[in-house]
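Letters A, B, C and D mark the chains as written, and numbering starts fresh at 1 in each.
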């Protein structure tokens, strides 16, 4: 019962947050002249020509909250404006570019979490031993690497020095043609997944080849982060009384670590998965830009560079909504892992 | 004070944190003596604008005249890297100072008084924290118009809520401490309790977090610059200099790594600057975080 | 009868940043079979370290510097040198032959596992063969009683399971079960041992007077009160009927009435199970309640060992006397011990109590007094005797 | 001997928040109608197990917490109290009553009135490791009350602090040190010195020795005895150790689940307890005397939660003498002999 109330409360708290997010986004548009703001309501290439009538139609010279209401109404109808950079409505652009970003995330996330947890707990279990020092150095170094610079270096080596071994982009041009031909059905627009569904080996290999560098780039910083977090939370867990109890019971050291310490140590790691989402979203902008990996991040950075405001804000709004939902899921997941939260409901 | 001595001894004893101190010290020296190390050419108006020798696009390798070579647009890499240290310090310290100030004021209001004030402040932070940080910063810079100051503003907007939250949490915990209660029991006013007992004890964890965060701030600012959303062209800024190198990662057929100097140098400066702060922050955390210190 | 535990010249040191901490210095002590031996002393006297040394669980950066701890193994009629035992042999003693109850029941239980899981673990660690035997018997009865279609279908599977359990029961390291135990999904096929362990767990919980034991077994630690948690910890320690139960301040964090229940439980355990108990406490009242013999420690050294009646009626060591006088008792003037506890980093030379001792002699500052028997069973380490 | 602190029907309830809106869904009745009088110069011992409300009582009496209802009179003449009672019994909510309450009832105090009380009544916390500000030197800690109340300043304050420290057995050379440089017993001495700084008449002690070793405990108790005699202090001493209460206090009150169940002089409470709870509490207390080992009464069950106390007499589920009356009605404190009160329908 308490759990249901907890979730209900979380859902209720979403309302003011989402309200605030939209107000904030809309407030940012107020930096612009009505003409520039008019692009927020354009839905077709023709629309770009008659901006003055749009100002008229949507009352872009009226008070803030009236305009906000009009805009919010449009947003609810899926109209986020016109993306000049890619010449399509922002709403469509989001769904056009989402699969590429998802693909990146699908490959990066397990790598980040599994490597991070594995090395983090190893470091803690062998505190002040060579493994620990090595992890520490690697983690601090990874945490300090500028993502964009790492991407450039990797490309310099694997694309430049090794003569196009791991090229930028999502697919090479030959495969691009194959994918867009009629025989290849694009179920999800996630290339690797589509290739498997179409039983197309060459496309799968090519897509994987294009994924290696972006995935390494986007993972490095976050692996370092999870590694450090896991290490310290594992150390904390290893210092607890129940670890001594487990040893006094005669549990093997390996099991003390993997069963008694790790499960407790994972609880704080789960709470940062929300952070991981934000880091991946931000990392995607940089990584996709460097590798011309045409996903949402690439689109957003191109839009930002050309001050295509409706695209940037549409992207920010979409990401904020996703982030809020991810955090909700994390909160609920948290109650599954920590029985104290699940069954709690004590005083205060 | 003996605790300072103890802290210094602990920092010096650990090779990693000592390395951090040395790196930061070197960067401070570079920033302070920038006019001596990389003199401003005569007749050059703004020292933060990198002087350039002609307008040719192709980077030139290191030579007598340009010891680190020149990057796209013939900007001197050495000059840019040295003066870039000033930019990095400016961005980092301004962002951190503003963020901590806002965080301290709102966080202590929220934490100490609770109730309605707390609820309102926390809902506002919720809104700001609902955005992935870099994306919000990007949107803000793109909206106001790119410049170094916009980057600072955007990073402050992105960063303050986590500080407000951290400080609020610390204060909530401190408010329950016996010594705070004891002070109220002696008849101390709220202002006195906050200023004499709560804030001095809350400020240390904040500073540790700040030292760990400086690297992240510099990285974010550099990333924005790299995306073309930072300093104006030619400004002494490491992120932008990396961006200049983007088109030169692949050299001609016979020498694929021909322009390495344009790619590597500014990145190394960013890496070491951030590394220095992270090493230092890590050491601070080990020293001050009582939960870790006991082991 | 042989002593269950014989500690000789035990020294434990901690190598810290500030210097070497002499946590235990040349300790000689024996625990007899079936007795409750109390160790009393103030903070830093080395009581807990003595207990952890017996289990070889001294935490980093501490080290057992020298000495020997002999454990009399009744089954082979031999004394085992615990400090020289191989790690896996030592593990098979921990929780099985020697087990421990800790001061904070809340901290001693793992918050993410149920009480039942944590107690079953002890059975699964040390009683594999017995569990397999029980599982086999249960399958035997299923095979003989099982009627109907469902039983008909399952029968071959039961037969197979029975064979596996039989192997485990005969030889716990047989190849087939070991392989099964390694494979992630197949491990589930051995669930019957876990089930048997759960049944034993519930019996164990009933044994320590937990009402509604079956329900408590599936609860998480935070759902129980402090007293119930401590009972669960005791059940965990008693699971394998150990020869020695070490209780480290088991009642300190509990209320007086709950403490009384707990002390009653310890008394019953000693009678019912015939186990020896090493009872560590700083509360002299508690020590006098449950112990047969009491050892007093100060700053890592033993001051006096005596039967409980002797100790509280005719204490010999000046520290014991002072400690007893410092306990508030109605109608008696409170007496204090001057000075502060000996610094473990720089302990005073000679007898460690001499700077605070009212009857200190010149020799006390130079030479430590050896423990000697002044009357039957009454040992004291003081130059006065 | 006149009454210094008079507590009348004091209640302190803490809300339990729950549900979707974090509204109070229940009340923890930490104090459920406590009446207690502390005479000038008395050392009153308050004993009980954890969760019985003894700490709440101490903190409410010196007004760190605001009571839910009830009166606290500090040094108020009997006539005034009688007058208030008379006016209240008439059921009138007149301005005279309000005036009298505002002038005399601590429960209504705030602001300056509360500040002036702080000079006269002090609390010493349980744990000396948490009650001293770790970042404040000892001289500032002990001198703080002097500065707050502008009692003394400059050189006079400094010498007063020095004197206080010497009085509690510390040397003046330790003024410049920080709390972590002291042992538990020394810290508790510092806390006592701080409480003495404004020369209060009344000090409440919340288990001041429970974190300390036996030998240190004896030192502190002797110090308290001397200070009381020297400054003519009145003590409210909270403890869960009956032996301490019996050997140092002049008068004892036993609490169970937010109520005082018995009070009287120590000889009477300990040798002829009348409440079954007091009796079993005394019986459960281990005494360092092996000859007294026989005939223990072990009280079954545990203390119920103060959020959900049993109806009638809160002790009845654990009481062997409970009757139907006990299950329905809550007994009031009644005198059984001079100065000995019991709240039980079937006193022993």
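Everything below uses one rule, namely that a contact is a pair of C-beta atoms (placed from the backbone, for glycine too) under 8 Å apart; a residue touches a chain by one contact, two chains touch by 3 or more.
What you see is a predicted model; the values in this text were computed from it and never measured.
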{"item": "Chain pair with the most C-beta contacts", "value": "A-B"}
{"item": "Subunit B and subunit C: spacing of chain centres that average the CA atoms, whole Å", "value": "53"}
{"item": "Centre-to-centre distance between subunit D and subunit C (centres being mean Cα positions), rounded to whole Å", "value": "37"}
{"item": "Subunit A-subunit D separation of Cα centroids, rounded to whole Å", "value": "56"}
{"item": "Whole-Å separation of chain centres (CA-atom averages), subunit A against subunit B", "value": "23"}
{"item": "Residue numbers of subunit A (touch at least two other chains)", "value": "none"}
{"item": "Residue list for subunit D, restricted to those that touch at least two other chains", "value": "none"}
{"item": "Multi-chain contact residues (two or more partners), subunit B", "value": "none"}
{"item": "Which chain pairs touch, all of them", "value": "A-B, A-C, A-D, B-D, C-D"}
{"item": "For the subunit D and subunit B complex, residues of the former touching the latter", "value": "59, 62, 64, 114-115, 118-119, 122-123, 125-127, 130-136, 144-145, 148-149, 178, 191, 194, 198"}
{"item": "Complex contact set, residues of subunit D against subunit C", "value": "49-50, 183, 185, 213-215, 217-219, 221-222, 240-244, 246-248, 266, 270, 280-281, 283-291, 293, 296, 298-300, 302-303"}
{"item": "Subunit A partner contacts - residues on subunit D that touch it in the complex", "value": "14, 16-22, 28, 307"}
{"item": "Touching residues (chain side subunit C, partner subunit D) in the complex", "value": "42-43, 225, 227-228, 255-261, 263-264, 282-289, 308-309, 312-313, 322-332, 334-337, 340-341"}
{"item": "Subunit D-facing residues of subunit B, complex", "value": "3, 177-179, 181-189, 192, 196-197, 200-201"}
